[in-house]
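Each of the two complexes below includes subunit A, the first together with subunit B, the second together with subunit C.
This part shows the complex of A and B:
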């Protein structure tokens, strides 16, 4: 007779809500006729994400003390719950952005099913408290994302991107698995706490395992030099999928990276601090320099997401209560900005029917004032300008780095921001300083579609981006209580 | 109520910008709405000036709300006497420029007027913020509308102008951000009024470079020529008249009180750079081939002169610097607007193609002449009072500085007279036809108030210079009680030179 573990269903309710939605969506794919299928599927997906959002908020409120559940395989704490809130929010906006995407109608329900399944995987992943659940969660959302990337078979490059993501992503997962095996081999333990309290913290096998786990997670966070897949996949994937990946995957990967390092490897702190700091510097340098020469807006944003991984890793490297707050705070406006920016790109893409480049953005700001101003806000936020949360996020990250004595990371971040001004403002320049007429852009057919849902999604992103600038104190309080769950 | 005045001065234009951005009106009516809001803003400033207690050195109309506590950042605003004058020149110049944009009928009025109002709010915020991070937020926020204003409504070479402008400004301000983070965490608060002093040379340099770029000071003025030439004239007026003053304000409000000893140790470096800016800027202005070139290089020279006054480290220098900042804001705004009016009539600003515009255009001739004469600091003008105070102040640092300053004033006479005669006198140039009319009523309504302000100040310069630091106390005593260095080295020697009728 095998002992059945006690299952705290409430604590895993965000994942369950999304899983149920995914299951319902697969049913919808079969039973709902093609006519209303898109609307029904989108509603169900949206409802799933909203339910997960609400559950995660409730779990957050009701878990002031961090515990482990289901035989110590998952955490129930505010660190995970807050990340789930952000992931579910990103997913809900991604559904709004996806609604009018030119996907074949016969696969639309499967599309939303995969999106919710990926969300469920991420929600599970951020709760992981041992190496098994860690790998399980990683593969769960990764497999969903591989298919999502390649789902639009009409889109040139989508299949290629999917394949590339699959191969590189599988390599990353394999590295993580190998690292986990080494760690298990040395310590004989799976759960993070017990690995953390292992006596010989500097055993070579443990350190190598740590390094490999770090590499596997860095692949998912698309931190340089493990970012090679990012620009191609972001460019090739359907834009709403890119939006979801850029925000939700980044949240999940960074939150988990910090948790694994802080809980499972506190003895090797002095090692991983510097490793992360170096990865952060490489990401900042590579992401920003490579973005300078791009013409495709999705590639620019992809490289910008690499550089943002660098910024957030500065907070990880400065592992401290301030660094934890900085990381959690930074993720909030960052998720909104990248979702919103890709949503605006999606709108332009649907208007023109071709990939969006700096060239064919011309005049966009004047033609679609709301989307133009929103894009402007997102780019300023990524650049770290005031009146957006991006500014406060950078400020917090720098403060965390300074508090730990990593002043050279501030220097790296400042130089990276200087470089990034060129390409972020380059997009603004493309939108506003030239007329569409002088480039004679032909619209893809008829007048541009007015998309209420996409506009709503963009407005939510604007509200979060700007609102996080003014409402710093409540957000920091939330981040502080989330960070209280962690040992460092 | 009175404590809300500063907040109102910041929020009224920002809210106005939002209103203009969404109001369902035509471009013309949006312009009139923006003009009305900018005039109401002036009205609020006059109200605050009338309620201001000039005898008190304290922060007035202050509000302090916590923004986020763990790093000690707050929404803390308020005005010292000199801030009041800076805000005053801002709202006056911005109102003139907004109305000029309305009169000139800028295309895409909704965006244009919203950005002008947003810019007004941001600049007022810079001059009133008492928290370093808040200051930085406003300082950066100024860049957002300027970037679009230059890039969309600028001249043919505007793309390069925006890139040059942004690269310089962003580099400077990010250095300042790094310095702010470190300084604030070292001090445990970002509140300028609670902050002690620091003796870190690196932090000092971070701030000074940012402010020297903005002011601008030699050798960080590389963005100046192309930006001022390619901007629309009223944006050039704002840039030179008000935005550049944010850098000088930063030196006065942040650098000198926070780094008194470092600033004192580095004063010769700053004085030398200021002197080079003064002489080199004047020479460039003398050789500039166009009207705007003269005005823009003269702003470099004037920034140098003002920095001479600031780093004289005495009452005379500080009073003179504040007066001269206000003077130059009005003078350069008026001159850039006049240059724009000349360009509008002749589609060129080059002296080779201009000339003889005085004949048959009495209003233009009078205004260019009056503003030019004030700019070259003729005795009895307010610029003369300001420059005299600065020279008398810097004389105490060493007579040689005063000699350089005096040479700069002579050069000012040379370039300004050359500009006046190049536009107004001599034979009519090829670009000047009979179709170029005299100033219209709308243009007069914009420039005449600026000139009247200058004439009023000429009659009573002590209004600003005598009421800049509340009860004639030394600067650091006013701003922070802990920065005691200057107060001990200063006497009451400033009394007799108060230039007042």
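This part shows the complex of A and C:
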């Protein structure tokens, strides 16, 4: 008998479900004829994400006590499980939005295979409990996303975005890897727990390694000044892919950033707390100011996602149970709002066949009242308007910052919110308040038929955005039990 | 057998990492940029292996091997993109990739 580590298959079931779906999709690409392929592939992808969602919920319910599994390489706790729930939910909505995307029919199954593989990588990444699983998870979903970004090869912009994402992303992961190597060199340990209990927390090699790991994760979370790829990639990628990236990648990167800092580097808390606070400030300033001058709606939303990374990093900088709750809660409406907003952009893009700008958004609100109202809700939610979860998210983040005396972060956040009103309301204005002469109605031949699946995805997002305002107490309780898994 | 002390490995790895990082930032041909990323990843590998010998633990070496596999797949994607761009007669110069601007 050889001694082998015990594998807790149940705890990794969300990743496995998505991985199996990805494998089946690759088989579908080969064996299912072109006619029904799109429908079969989309159903399989959707089923994979729903299965991962259900498994993650069950794991969340059944893991009240945080443990490490598979020879201390992965965590089984509610912090990871809740993040997996959100990632799987985002993925399921992204499949709905993708269904009618103008991708070549012969490669549609590969598209969904990559989407589920990216989801599986993210589900693995949020469980990572040592430097090796951290790096492998990061690369797993990143490589899938590089290909997804460039998948629309008929479009020059898509290829260009893919190459830019690959180069910048690889630079970020190489930085993270070098930082991990330095931390390993100083402590002789790979697992976060053991690094956290290392005696000399201020050794220079450890601090340099921490800084490089932070930079690598900030690239993925698209926090300024490491965000330069974000607008180009969000603009060039197919819109459903952008929707998935904007929500799921952000969830994975921020959840893991907090976990790495809190578990592996508690001794350097006074250092990383200020570093994160500064990054948050720069993200808020840069994201909002750069969004003001954009005309392309996807670029506006990209810069808005940079500024939201700033808001969420405020919660990380607070480094307290309140900050943990605020981060987890903020991610719920944020994921729904950004998915929904990009889904509406995708709908307009398919009507017109050209990139959506503030100009050609004119009249959209009257033409498609349901999508128009939904876009209203998403943008007001991102602005932090009451009656949406965005309001409570921002409130909670500011409360966490206030508790730790970061009053200057609150000032920055409030100013950023005021500035952001200009471009969020600018999009709403473009949809509704234009002269009839400026209206750009759908091209001749009438509007394309209504997309039920995309509409369904948008409705789910609206329900979560508004629902997270009214169901705030249960969601906070869920976030609280997730945060209880972390040491700080 | 005694090799050089650990600080020499750290210095060499740091040097390689800087060369790679500068290459990514300064060169304009995407092929050279991919090559520079490889240098960055391999400098980290060198460091991992050196520390793994220093601490007498094998996990660093396992890490390095898996990094090699990951780096290879990353390069495959990168080369695939470059080939696709070449087929569409896009000029292979990152300064001229300016379709996406705001």
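Points worth noting:
We adopt the following convention: the second predicted complex is superposed on the first by the 474 of 488 C-alpha atoms of A that agree within 3 Å, B and C clash if a C-alpha of one lies under 4 Å from a C-alpha of the other, contacts with A are read in each partner's own complex, and residues count from 1 in each chain.
Just so we're on the same page, contacts are C-beta pairs under 8 Å (C-beta built on N, C-alpha and C of every residue); 3 or more make two chains touch, one makes a residue touch a chain.
Every value quoted in this text rests on a predicted model; they were computed, and no experiment measured them.
On the shared subunit subunit A, the superposed partners subunit B and subunit C are arranged side by side without overlap.
After the chain A superposition, the centres of subunit B and subunit C are separated by 140° when viewed from the C-alpha centre of subunit A, nearest 10.
Touch criterion met: A:428 reaches subunit B, while subunit C stays clear of it. When the shared chain is aligned, subunit B comes close enough to touch A:407, but subunit C does not. In the superposition on chain A, A:55 makes contact with neither subunit B nor subunit C. When the shared chain is aligned, subunit C comes close enough to touch A:235, but subunit B does not.
With both structures placed on the common chain, the touch criterion links A:167 to subunit C but leaves subunit B unconnected. Judged by the touch definition given at the top, the superposed model places A:395 against subunit B, while subunit C stays out of reach. In the superposed three-chain model, the partner touching more residues of subunit A is C, compared with the other of subunit B and subunit C. Of the two partner chains placed by superposition, only subunit B is touched by A:325; subunit C is not. In the overlay built on the shared chain, the residue A:132 is in contact with subunit C alone; subunit B does not reach it.
Taken over all C-alpha pairs, subunit B and subunit C come no nearer than 23 Å in the superposed arrangement.
Within subunit A, no residue touches subunit B in one complex and subunit C in the other. By the touch rule above, subunit A contacts subunit C in their complex via residues 131-132, 135-136, 139, 143, 146-147, 150, 153, 156-157, 159-164, 166-167, 170-171, 174-175, 177-178, 180-182, 184-185, 188, 190, 205, 231-232, 235-236, 290, 293-296, 299. Residues 6, 10, 13, 17, 20-21, 24, 30, 33-34, 37, 40-41, 43-44, 47-48, 50-51, 54-55, 57, 59-60, 62-63, 66-67, 70, 73-74, 77-78, 80-82, 84-85, 88, 90, 94, 97, 99-102 of subunit C are the ones touching subunit A in the complex.
Taken together, the subunit A residues at the contact with subunit B in this complex read 322, 325, 366, 380, 385-387, 391-392, 394-396, 398-399, 402-403, 407, 410-411, 414, 417-418, 421-422, 425, 428-429, 432-433, 472-473, 476, 480. Residues 66-71, 73, 108, 133, 136-138, 140-141, 143-144, 147-148, 151-152, 158-159, 162-163, 166-167, 170-171, 174-175, 177-178, 181-182, 184-185 of subunit B are the ones that touch subunit A when the two sit in their complex.
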